[in-house]
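This structure is in structure tokens; I'll ask about it shortly.
Each chain gets a letter, A, B, C and D, in the order it is written, and its residues are counted from 1.
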């Protein structure tokens, strides 16, 4: 199927809306997988987006600057050349995606988010655009 | 890399000890140094016991050395190849071109048993 | 009956070091992934469900085996701890085991079995307890036997630990020699001891000495000698005058010219001696060969020939391009995205517009058939930034470690050699055919390959 | 997410239902049986359809608070999607994972007994 137009979703930057973000991600992923959504590969594809968006959204909300007014997180979806890309935009301080893998033996509580994103996605690109962070995550069908 | 001359039964044998790696980064200067050795004697031994790694260009360099030695009616013999280096010689069948000895002493004394080469 | 296959990372840690590109449980034995021998045996013993337990990652394995529907069984996965006893493992999988008889195969071992024998009867009738064992693990049965014991001495079953490169080599050779009579092995062959995969190109002068097993997409070039006892994986090229005897060549390996591979395991650019355990990584882009890298001298005439041919193509396709391009562009069927690609020089990138034509209309189909989507790239050949034919351009963010070793492995082109040979255009398959041509092509053969690539694209598009 | 708690032979069984993510993790984290360092807890994940790193983090941190870190929390009945996230983060190494809750309780009870002895 072809879906080269961009879908945009803007959500308040609050934990409560994480489910809205992940459900949007799974819906879009299901849409592009079409009939394959019931097969293992299709299910993995939409689970990957559910996970990645959940992690990215949580990161955006957790690292939001205090007292920032009208804090929002924007998601864009683009399906092109059999590859789905979701970008998560926020207005937080810059960060890096080159985080070390936490050592599980020391029972870490966090730091897994970007590890998960990198594992389930084919490509993760972070870029700073003016005052916003854009985390683009792509996976080919 | 160390080079020494030994007198073995009246034969002047040059023994070069190769060390570390011989690859594209150092095979050219190696060939230049070799020409200096060759001027001293055409009977040569490469002691490879400290040679850890060799690649195509390193192997090419050693084969080139052999060719130049043979042109001078001498011979280049090898000694003490480690497993990895031996594997490269075997794989490329360069092994067939060389007389290979387990240590430098055997390689050097092997020249003694032969009649004098023609001097150039 | 149910089967549990249990592994501990520590048992196969050596595989990670020696063959890092493959998940140890997928290590190919005679061109068949290790785990499949075990799954075959579980099925032979009458299992309807198989569960794979491991204390390490199973991701790659799961991607390969999926849910087992390929074998007609239920395949599932679970994790264990390295010190779990059989009792604990059964507890952790109580739901899976149910009330049925369970066969537990533990350890990274090669199972010697014979597919002609009736293991199903044996597995249901043997008394509870150990069935076979070796230092690396055992096969155990739990639960009450359904029937009285048969004469089970008839069925051969033994285990061989795969604890080193040497034992892996021995097991592979054993599987090759006992061949398809005992195991289910991949490949086709008219005669026993000779198994070939799909798309194997054999030059006339090649000598094949049984037994051999050859994978998919393999090229055996002139005067090569294959075997006896050669296991050659998929996407492999054995170049002219080389011989492979008593050896294993892994997937995606290029064996250069005039080489003698005897008693070795070659994997990518790594050559291993299973007997001494010695292993050497060739720093050449492909397995050591006598090829002299004289690209700097040869590249100029090549560039001229490519540029002249590109100019010809530009002239020929100017009219179709000038007609179709505006039509498609206006109709929204022509999309161009600009991206940075890796250029031939390792330190530079090359911005290129990648064109995507939506092939729904007739004009679009013609445009694709005529490769007009590549038309603008032809101008890059004139400037020398692209070759007319070479590797598929790679996105700049992709890192290819072997790229640093010199331009021999990568020369971005308008068309790729993989397209000319009609090989799968992505992944390891394409890389290997591109490497071969990058090492062997000359300006003239390049032109004929461009024509081939062009015709392939034409046929492919008209087939759609 | 909802948590329902039962108990069997002295082992607390927490059955989670729904999504275990950043929003619902505190609820799990603050559960009384989870906090108690002496108590061995079996967490039944059968009805958990989604877990992310915050969920994993909550379970890992709960486990750290237990007197026996790799035995204080025993997991059961995770589906494939949940299992994958455990694998990605390598957290499966920290837990004993069962496909049956009763078997998990049996295991936890034996562990507790041998630890107490």
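Assorted remarks:
To be clear about the criterion, a contact is a pair of C-beta atoms (placed from the backbone, for glycine too) under 8 Å apart; a residue touches a chain by one contact, two chains touch by 3 or more.
None of the values given here were measured: they were computed from a predicted structure.
Using the mean of the Cα atoms as each chain's centre, the chain most removed from chain D is B.
Chain A and chain C have CA centres that are 32 Å apart.
Here the CA centre of chain B is 67 Å from the CA centre of chain D. The geometric centre of chain B is 40 Å away from that of chain C, both derived from CA atoms.
None of the residues of chain B touches two or more other chains.
Counting partners per residue, chain D has 88, 90, 93 as the residues that reach two or more other chains. Among the residues of chain C, none is found touching two or more other chains.
Pairs of chains in mutual contact: A-C, A-D, B-C, C-D. Taken in their complex, chain A has these residues touching chain D: 15-16, 18-19, 22, 43, 47, 50-51, 54-55, 58, 61-62, 104-105, 107-110, 112-113, 115-116, 119-120. Within the complex formed with chain A, the residues of chain C that make contact are 66-67, 335, 337, 356, 358, 397.
Across the interface of their complex, chain C is touched by residues 23-24, 53, 55-56, 59-60, 82-84, 87-88, 90-93 of chain B. Within the complex formed with chain A, the residues of chain D that make contact are 19, 21-23, 50, 52-54, 56-58, 60-61, 63-64, 69, 81, 84-85, 88-91, 93-94.
Contact residues of chain A toward chain C in the complex are 2, 4, 40, 80-81, 123, 125.
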